[in-house]
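So, here come the structures, one by one.
In what follows, chain A forms one complex with chain B and a second complex with chain C.
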Partner chain A sequence: MDLSAALQFVFSGITIGAFYAFVALGVSIVFSSSGIVNFAQGQFVMLGGMVAATLAANAHWPVPVAMLCGVVAAAAGGAVMARLFVLPMLRAGEFPLILVTLGLGVLIEALAVVFWGTDPQMLDSLLKIEPLRVMGATLSSDSITILCVLAIALIAFTQFLRRTRWGRAMRATAIDRDVAASLGINVRAVIVLSFTMAAAFGGLAGALLTPIISTGAQSGFQMTLKAITAAVLGGVASPIGAVAGGLLLGMIEAMSSGYVSSTYQNVIASVVLIVLLFLRPRGLFTALTRQA
Partner chain B sequence: MTHHHSSIARRHFIAFVAATVAAITPQAYAQSNAPIKIGAILDQSGPVAPLGQFTRAGIDMALKEVNAAGGVRGRQIELVSLNSESKPDLAASLAVRLSGDADVMAIIGGNFASSSNSIGATVEKQAIAYITPTALLNDAQAKWKYSYFTLAEFSDMAKQILVYAQKKGYKKAGLIRVEREYGEQGSKFLHQFAAQYGVTLVAEERGADGDRDFTAQLTKIRQANPDFLVVWFANPGGSLVLKNARQLGMTQPMMAPISMDGSVTIKLAGQAAEGVVITSQIAGSEPLPRQKAFIDAYAKAHPDAPEPNSFEAVGYDLVKMTVEALKKVDPPYTRAKVRDAINALDYQGAGTVVKYKNRNGPSEETLVMIQASKGHFVLAK
Partner chain C sequence: MNSYRKAGWLLPVVAIILPLFIGGLPSALNLAILVGIYFTVCIGLTLIFGIGGQLSLAPAAFYGLGAYTSALLSTRLGVPVLLGFVAAGVLCGVIGWLLARPLLRLRAVYLAIATLAFGDILNTLIRANSEITGGSSGIVNLPSPALGSFEFNTPLRYYFLVWAIALFALWIGNNIVKSRIGIGLRGLAESEIGAASCGIDVARYKAWMFTIGAILPGVAGGLLVHYLGFISPDSFTTQFSILIVMILAVGGRDSLLGALTGAILVTVLPIMLASYEKYSPVIFAVLFLGSVMFMPKGLAGAAMAAMSKWRRSRND
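On to the complex of A and B.
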């Protein structure tokens, strides 16, 4: 196996990893504010991708506009979910809430199948740039796009957490919801905001990924599982940890399908996850990102 | 005494019922303009739903034509259609249900190998003829007396790919295939026949239906430097393979089996689909003489997507074949007569060519090699 193959595995690992990172970031944001894992997160990825693909293919909207609409639709879905289903259930505790997200995930998928059918949808690339070729390996324009957008989104989000009032309120809520409430922070609004942002990141991931792998109405739950794995791998309480976990998961999968076999990529990723959880139960990158 | 009395009453009653039945039945047969029923078991939901819907579209088109032309001997054809939800066990129980309706003369449907296998096993016991839009898989199925297949066998698809490669002078094949049974079969036959056509398989990689990225596998295949690439996959995975291969700068010609047929491949793979050669049963934009009427009618019925795929064409044939068999039977219709008429069919249709006397699968000329060209499928050059 030569260097160009190895480099190709790295490229495919960071592409799929960047996607996992986006979705895992959403899982982490929701977990920080509400203490629950959102099992409907993958459905927002699906929504973002399907709305963008439908608008571009059927209504012939320009790709950037269609993608933006996908993100807005997902964000709106997240806000509605938080306002109508999560807030009223807050007092019921975390376990019932997790079941509510699972149920909503099933519902969203069923509605999507009714609306779109089961056919996968494809979308044109956002940027029509030349692929990057390095030593015989290729990084496609779609991959370059998703990596750049991930970097921008991550910087913007950490700045938002540090510098804005709402960002600080989110951080305070993440540390201790009751204390944050006693300090006068509107915790309920913070929860709605965090679901909305998480869904927006999910929708963005879906919109950016659709040109690479297509999206189907039934693809959401698989995304959720990958995102939760990635978030737990990196540290679900930390946004940067979740992003790092996503990139790492993508890399593990690409390396195992490159050097072992794609048949075992999910098995290998799961084994790595279990081993790492034994060694570092709070996630790999929690210590290093505590201050973020 | 009472006992004797009631027994006479019962005898009278039985005689009355018998007389009524005797009076009504011949009359019902004589009038006999009630519709003739054909049972359909189609996977209208679940993972195989796209195939079920294609088949249904073809079936509906044929039904409309047949009934508009007066049906069979003045009797309309009625479809009793049930959804098997991509579940083979459900398909089997629906087959039992349809066999329970004495008016159903034949069954069509079953949209993937496992469901047609379980319907087939059921109809063998129920003694009702069954025509399926799937491929004959093994020797056990070849011995069945009531089940008839319309898609080319996997071994024939593998051979066609190799024949085409030989014609083009390709010697080294790279294979990327789906890891379930379907891909295993493809791999088995390609390995079995490759040498006969002067082809060597220099690399073989696998992937799952749900995988999103095949660059790792393709990178390994690229290193073996094949002359052409066989993508033994179904959509959407197969289209992503085509896309990934072109993104990696692989310029080799690519070939695929019938599971990649249809405009969905062009929709998903876009530019990367250009030139891909597929073992199909119809070239939607370039009809053979036996397909012309169907393709013209299809284009009229679907002005925005005027090119049918193999599954629509075969769905259309399922009805036409059954009707042709019914026309050869002298009423009153019985399942045994209909079955014998199907067995005697010599039928050249839109999506399949059959002569079931010798074998319950389609003839070799069923296969049509097609090629994606500027967003359409044409006959492969």
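On to the complex of A and C.
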């Protein structure tokens, strides 16, 4: 077996996996605090990528500033979504809530198509680093960027959960919403915060991916499906599981694209998902992360 | 309930006499055919969705599976199209039944995702095996269905075929809603544990509703492609499943009347909004979101509530 080709597949798996991990982390944060699986999560990825690409290409803003604006726009979208659409529906039950997030996904996509059309947009790289070459395989500058940013964001997020007041409130809400509320935690504010953070992670992922794969206004639902797949792989209620699930999904896709056929990479990922749902509906890594 | 039964008789009568008024207008007839096809899909989904309270995003998969079954049988093997429709229904029913038990054990969100993944798999397989399915460009020149030497090759004839099938589906759907199974399903939607403790065989009832929710989109898919005369995988994407969810949410997801209301709305509204074509997806999305948030029983439910309120005020 060709070792450098195998390593190259690992590299591309890690890169796309890091992206999935970001988006899945958002799915998991929202699910933990509110019990909602957000079908609009992929739209924030699209929003982050599209805003950043538009500002950089049309307004000639520097790439880091454009990306930051993309993240802020996505986060604002998440906050508005939670405050105006999710909170009023909290008591309506699981089914209407899924429909609300689905409806918002459809609405955001429809607005994006009106605004941007359906053509994909490109974006310049955030950092131009010397690519890493190991045994004939190359880890590109964009890949290194996305991996570093993921690592920093993860450390910051765990510190936020451990050390800050809001982070602790979020963890308490995830364990039991009613008990958290009875202890004086403003659960509604926690839910808004979790949607905002999830959308920010999604937007950041979208902005970082656009230099690698161009983003189009209609790419959101595909992203949602990937993110939920990744989150389910790892266990949707666990942020660490979601990150692991994202990396695993990226790896499965890269390997099946490399060794089977790129046509079937989605099929293989979907089959893995369905089999997993049948066998372990709580996710692969739940037993591992339970103690953490 | 009484007015409901009357409405049940009204619909076949309207369906028969409607062509007297619109028979000369090809565009109106075309709309009526599409309404009939969407309605057939939605009858199947109302059982899963509104009455059983489960979110299945598989309609596109079964719609496509049925469409390709009858298209391939008729073009590759020369099977009569009407038999192809039957084969489409049977195949979708069998697959639906086989998938039902493992799938329906899943909670709402996981079911939605699993059915979405199922549709994704099917769509990719269709695109990838182009020597059989024609790949992304599909198959053109599909034959019209025929009964003996009578061909359903004009819009008017096709209209009657579509509505005969739609009304038959409605009759089945209506009987299921009123039968023990329908009552059992409603019980399921309220509380699965409660239903089970009342002696309802939860797994069997769910398998039933999922099977019927697979057969009807399958047949409707066949009806659509032989009407259009061509088939391509673009008609059977996730977007279609989401459209069906929107139809049911806007029309009213807990009654068959809601399915009809929604089906009419999604076919007629784009025509009315033709001059704002760019914005029509936005308007749809707003309508969908508004219905979910403010009219949980959809337009049909809101209309029924208004009607019974009016009747009560008249009786006072």
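Assume the second predicted complex is superposed on the first by the 286 of 292 C-alpha atoms of A that agree within 3 Å, B and C clash if a C-alpha of one lies under 4 Å from a C-alpha of the other, contacts with A are read in each partner's own complex, and residues count from 1 in each chain.
Operating definition for what follows: a contact is a pair of C-beta atoms (placed from the backbone, for glycine too) under 8 Å apart; a residue touches a chain by one contact, two chains touch by 3 or more.
If you're wondering where the values come from, they're calculated on a predicted model, not measured in any experiment.
The superposed arrangement places chain B and chain C next to each other on chain A without a clash. Looking at the shared chain after the overlay, A:263 reaches both chain B and chain C.
By the touch criterion stated above, A:208 is placed in contact with neither chain B nor chain C.
In the superposition on chain A, A:170 makes contact with neither chain B nor chain C. After overlaying the two complexes on the shared chain, residue contacts for A:277 are found with chain C alone; chain B is out of touch. Contacts of A:120 after superposition on the shared chain: chain B is touched, whereas chain C is not.
Contacts of A:46 after superposition: neither chain B nor chain C is touched.
In the superposed model, A:254 lies in contact with chain B only, and not with chain C.
By the touch criterion stated above, A:100 is placed in contact with chain C alone, chain B being left untouched. With chain A as the corner point and C-alpha centres for all three chains, the angle toward chain B and chain C works out to 60 degrees, nearest 10.
Here's the short version: in the overlay, chain B gets within 5 Å of chain C at its closest Cα pair.
Overlaid on A, the two complexes show chain B and chain C touching the same residues of chain A, namely 263.
Residues of chain B touching chain A in their complex: 45, 47, 49-50, 179, 205-208, 210-217, 219-220, 223, 235-236, 239-240, 247-249, 264, 267-268, 270.
Contacts from chain A toward chain C in the complex involve residues 37, 39, 85, 88-89, 92, 94-96, 98-100, 102-104, 106-107, 109-111, 113-114, 221, 225, 228-229, 232, 263-264, 266-267, 270-271, 273-274, 277-278, 281.
Chain C contributes residues 53, 55, 102, 105-110, 112-114, 116-118, 120-121, 124-125, 127-128, 238, 242, 245-246, 249, 278-279, 281-282, 284-286, 288-289, 292-293, 296 to its touches with chain A in the complex.
Interface of chain A with chain B (complex): residues 1-2, 4-5, 8-9, 11-12, 15-16, 117-120, 122, 124, 131, 133, 137-138, 140, 209, 212-214, 216, 222, 254, 257-258, 261-263.
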